[in-house]
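We just call them A, B, C and D in the order they show up, numbering each chain from 1.
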Amino acid sequence: MTQHVTLTINGQPYQADIEPRVLLVHFIREVAGLTGTHVGCDTTSCGACTVLVNGTPAKSCTLFAVQVDGAEISTVEGLEQGGKLHPIQEGFFEEHGLQCGFCTPGMMMTSVAFLKEHPNPTDDEIRHAISGNLCRCTGYVNIVKAIQYAADKMRSEQATPPESTEPAMPATPTTPAPTATEAEAVR
Amino acid sequence: MHFEGTQQINAPIQSVFDFLLDANKVAGCAPGFISMDILGPDHFKPTLGVGIGAVKAKFTLDVHLQNVRAPDHGEVTAHGVAAGSAVDLTAVVDLVPVAAAETTFNWFADVTVSGTIASVGARLLESTAHKQIAKFFACFKQKLEAPVSEAPAAEAASSDASPPETPKA
Amino acid sequence: MIPNDFTYFAPGGLPEVWDLLRQHEGEAKILAGGQSLIPLMKFRLAEPAYLIDLRNVPGMALLEERDGSLVIGAMVREAALERSPLIQQRYPGIYEASAVVADPLVRNFATIGGNVAHADPANDHPAMLLALRAQVTAQGPNGTRTMPLDDFLVDTMETALQPDEVLIDIRVPQPLPHTGSAYLKLERKVGDYAIAAVGVMVTLDGGVCSRAGIGLTNVGPTAIRATQAESFLIGKQPDEATLREAARLAAEAADPTSDLHGPAEYKRSMVRTLTARALRLAVQRAQAGGGQ
Amino acid sequence: MTTEAPVTIGGMGHSVKRKEDARFLRGKGHYIDDIKLPGMLYMDIVRSPYAHARIRSIDASKALELPGVLAVITGKDLDAAGLAWMPTLMSDKQMVLPVDRVVYQAQEVAAVIATERYIAADAITLVDVDYEPLPPVIDPFKALEPDAPLVREDREAKTNHIWHWEAGDETRTDEIFQNADVVVKQDLYIPRIHVCSIETCGCVASFDKVEGKLTVYMTTQAPHAIRTVFSLVSGLPEHKIRIVSPDIGGGFGGKVPVYPGYVIASVASIQTGLPIKWIEDRSENLQADSFARDYHISAELAAKSDGTMQALRVKTLADHGAFDAAANPSKFPAGLFSVITGSYQLDAAHVEVDGVYTNKPSGGVAYRCSFRVTEAVHTIERMVDTLAQKLQMDPADLRMKNFIPPEAFPYKSATGWEYDSGNYPAALQKAMAKIDYAGLRREQAEKRARGELMGIGISTFTEIVGAGPSHTFDILGIKMFDSCEIRVHPTGSAIVRIGVQTQGQGHETTFAQIVAEELGLPVENITVEHGDTDTAPYGLGTYASRSTPTAGAATAVAARKIRDKAKKIAAHLLEASPDDLEWVDYKFQVKGAPGRSVTMKDIAFAAYTNFPPDIEAGLEAVDYYDPPNLTFPFGAYICVVDIDRGTGMVKIRRFVAVDDCGNIINPMIVDGQIHGGLTMGMAPALFEAITYDENGNIQQSNLMDYLLPTAMETPVWETDKTVTPSPHHPFGAKGVGESATVGAPPAIANAVVDALSHLGVTHIDIPITPWKVYQILEEHGATEG
């Protein structure tokens, strides 16, 4: 039995009659033909399939398209606006934040959502934020730099227009939960 | 995986033995029993939906009875394939008469699980397999003792699928 | 990996959910965040014929203090817990547990209801909630039941839910003054299940431990409450020797098996280490006035 | 290196931003699963749950009843076409689909062809295979016992022993051992691991029935070699086969082998005349694709009591799984393992390896190190530390004492390799200064006094890359040269085609830089193409850090051929004799008259419009480069770890990596390669291992169980370099992609052992899990308590 699903992807409406089991990532790749979103692990471990669902980063290989019927989806293809790269794209380019490029779209989508809430992040906060996205090539060093580059750039762009946008949700606390190892301090 | 256990059944050895040879009765105790084809006196194909919580795999098992020696010994081999997985089982039952209406039921089972279930479910496999097998043998005791103890309270208590008395993994 | 085909429902109210559960008993599964269920379906280790998505059921994502309890709706996402100032300030143990569930992206969709109702002993919330003496609310066509989480968690992936019942919310007693809680997870990498994890809660009254809760993750068939360790603490000053003895007792309560997350004996030792550390944290928080 | 090119040229030594990023950043890469051809069908594979079983029958009837299923292919179908088996790169053969038995878990058993991916996935569950389980043999030591189950019944030799290989001088080595002051001995196991590139493997095979031509888009690091193998196996003429390697989402060696899926998809396409897509899922990738390492090593090091190292003796059991499908050069069944004498002067060495079959998927492939160098380096670097511990010497001092001195290069090693160049003391000194080694040792002593556990580990490794010289190196007889073809267009831009294949290394940028440097054309005007066998010159592909040493050299030589011709055209334009011209600042000028000069752009135009009568039109060149020797990059790594006494958790606090890969084309890219390599070195040291239960079930079949490090576990790598050019490479480069993966694991293992050495600990096998450490602490009463 198929079901009618409508999604807005990067501002464009897409609709199709699909089996309920169609994964969001396959809707994006096969129905909408946007192949920048990749499948890496199938088990919600690697984050190569990360897209934004109503602004929230999600692993699209672990959501059925029917679950997000009616949602606004943002993918890597929507980052560039009017021929101008998004600061996160610039950051990855300038800081050599990618090698094979396969994890890059997911990594960038996670970063875009993160930077909205954390315009001035520490390196540790960035590492925490991207810990659901695996990269096998870069060792993460330059990805962290790329995200800092984008943060700088976005702050300087923000500084120009008078109105500042409110963050959608309260920010996560700046310190991640202590791990057992960190909690050594209190032993 | 090797499992074994012992239980005391309040029934004569012959009725326990007869029960064991009755494929329908035994299959009724199998976890997640769905249906069964009987291909011969010692060859059966039950279909079971085995699992816990959301995890469920449907196996059709190819079961052979072997080395049956009345009134106290029987062996069974079973083999089945499902969801990229396979299960192979050998079980041996030995009965010892204790009294006219009391039998010691000794069992052990060797189970090999292969494929996806073994790889993905390894974390939960041994405890789950142990519980399912223990339930299976505990069910014999309930069924065999059920007609004797007619009190509804006892019935309710025994339907609580309690594990056998001395299970050892 | 492609899941089996199924029929999908996203009803707008609980009565329809109950009806569907009754109609398709044994073949239907509730879909909350789907972050555990969907991977299982992709391995075809779960093949439900019907999925009933709770996303359109109103009122299931409440997060508020009411009538002496913190009420957490079953559909509250982990990320919402992690970001809630109420949780961060008043329930540090819950905050710490939600912040170590899988990874940050999974937490955007994973729900606390799913985490609890999946009843995987490796899930992080149940142990913390056991320590906090949480109650769960189940609703079905025959009414509403409230029970301690201890009773709800029956066995590995088995709960006390009736086939047509739905887990509605989780209720945690509001902390008394001088209460501290903490959740510590030992994991090899972000996204992995715990080698072991411990959630604790301590209330101090005049420098003496008046209430204590200790829950253990992934060291038994369900999340385990370390009751002996809890009672040991009561009426005692939380000095180092006391905390260590409680930790030792907690390790005795663990019932781990050897697997990829380590040998059983190691896990037991980790329960001891983590309990001692978590208790120290919780006591510090309680002494700092936690809960007020 | 000549004078540094102006930024506008972007030649050698510049951190030119990558050209390929433009498409990746926009989600416009072309990875294998992005390819969609008209009429394309999908393939999915039925796999064995058993590690060893006889196949009694395969019943596909239920699968064929499913609407959308077009075919189910079994081993019997392939056997009829003579394609049930295929050759491996190691002169063994491998099942494509089994006819009557499976020999490892997740082995391909049958393939389903369907109109849609989802239907194919449903159909594989409906193929009914009747198996008779056979006892598997999982442990390679047991595999050699006389009554062990036989993995390969198809072979004439009824044994699980595959081959014996040795290098060095056994007699001399034994003599030294007999008279040595000190001997240290250690068994090491380097576990089976999986490259696990984030993109899995797959292909789209498309046979054009009219043209009789098969095009296979596939995730391969070596398209030309694959084309030749496909031609030999299928009987299709080689010009009727086109292999296209699109963008590759990480290779690391896992995309060198030919997997059965590629072959089955190709057969299916030839039969149906329709394109067939096959994409592995992650579980298939982790379970069935080739694995690395799995070496059981027993090593002994002999030394004088003053610490002078004398001889090394090594015996190894190599678990190759069910097929010897490693991707080594033909003459090297154990790869370049004999580089095991490392950076040290030894009088003699003897190394033995025995290859063994077990009921596991093929092993012996790569994990960012193709040729067994990681295993060798881990062994020698651990042995040096073991000796230092025994002699109570500082491991840095012991290394300094035994390094091959800079003036000894070219150096002939005890196992016969000729090291091209090196300056090991300089690299170690730089690393020690950067990390403040003396300060760390003081800190360690203080911490130890307080009962805290901190360790410092050193690895001073030598790599061996750039295979290789044709006298020694071939794969299936094809010599391991590599190639480049350059065409300069009339307006001064150029296209460069190379025989190697990027999987993220940035070839489109670095190879353009080589040409920019040699020809003085701006890097942005140079396009680099590769991966399409119809257009690229023949090459052996990218693995084993060979691109720069081989194809990079070919590129420089081809460019120099163009420059030679350009000189003649320049002479014509400048009305001077070629002998009077010199190449200065990226242009030809008349000696002593700098005002009289022409640029390559001017020359390019003239090459098509105004060339001298005795010269052909055009400005093109091809070079097939046969390297005279391998290159020997090296490095000095120092790692600092802290150990939690309550949990056994190891935390890398600092890691300094000083690498020397000779002259550098693009420092930004080299740094990136080292960051990635270090992370893939840390991963097996602390996290990753593939294990099997006694029935042959893999225990890490997905990324929930196989632990790839995230940004949280990965430390901030600190990199630095020394530069010791290769004397024989055209621009003095050596290759770098795998250095860090090779060098990092022993630095980490040495650091952990160092942290525990005062307890008498001398060795811990990798991966160093927290429970291994905790158990040691417990044994010595050193836990937190």
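Structural remarks
The definition used in the following text is that contacts are C-beta pairs under 8 Å (C-beta built on N, C-alpha and C of every residue); 3 or more make two chains touch, one makes a residue touch a chain.
Everything numeric here is computed off the predicted structure, so don't read it as measured data.
Two chains share more touching C-beta pairs than any other pair, namely A-D. Mean C-alpha positions place chain B and chain C at a centre distance of 34 Å. Averaging C-alpha coordinates per chain places the centre of chain A 50 Å away from that of chain B. Distance from the chain A centre to the chain C centre is 27 Å, each centre being the mean of its Cα atoms. Between the Cα centres of chain C and chain D there is a gap of 44 Å. The set of chain B residues touching two or more other chains comprises 83-84, 116, 120, 122. Shared interface positions of chain C, i.e. residues touching 2 or more other chains, are given as 1-2, 4-5, 39, 43-44, 103, 186, 190-191, 193, 260, 273, 276-277. Of all residues in chain A, those that touch two or more other chains are 19, 21, 42-43, 45, 128, 131-133, 180, 184, 187.
Those chain pairs judged to touch are A-C, A-D, B-C, B-D, C-D.
Per the touch definition, chain B reaches chain D in the complex via residues 79, 81, 83-86, 88, 112-116, 118-120, 122.
Residue ranges of chain D in contact with chain C, taken from their complex: 117-118, 121-122, 125, 281-283, 646-649, 687, 699-700, 702, 704-705, 707-710, 712-713, 769-771, 774-775, 778, 783-785.
If you check the complex, the residues on chain A that touch chain C are 1, 3, 19-21, 23, 42-45, 47, 50, 56-59, 62-64, 66-67, 110, 128-129, 131-133, 169-173, 176-180, 183-184, 186-187.
Interface of chain C with chain D (complex): residues 1-2, 4-5, 39, 43-44, 103, 186, 188-193, 195, 244, 260, 262-263, 266, 269-270, 273, 276-277. Of all residues in chain C, those touching chain B in their complex are 29, 36-37, 40, 43-48, 118-120, 122, 155-158, 193, 221, 257, 259-261.
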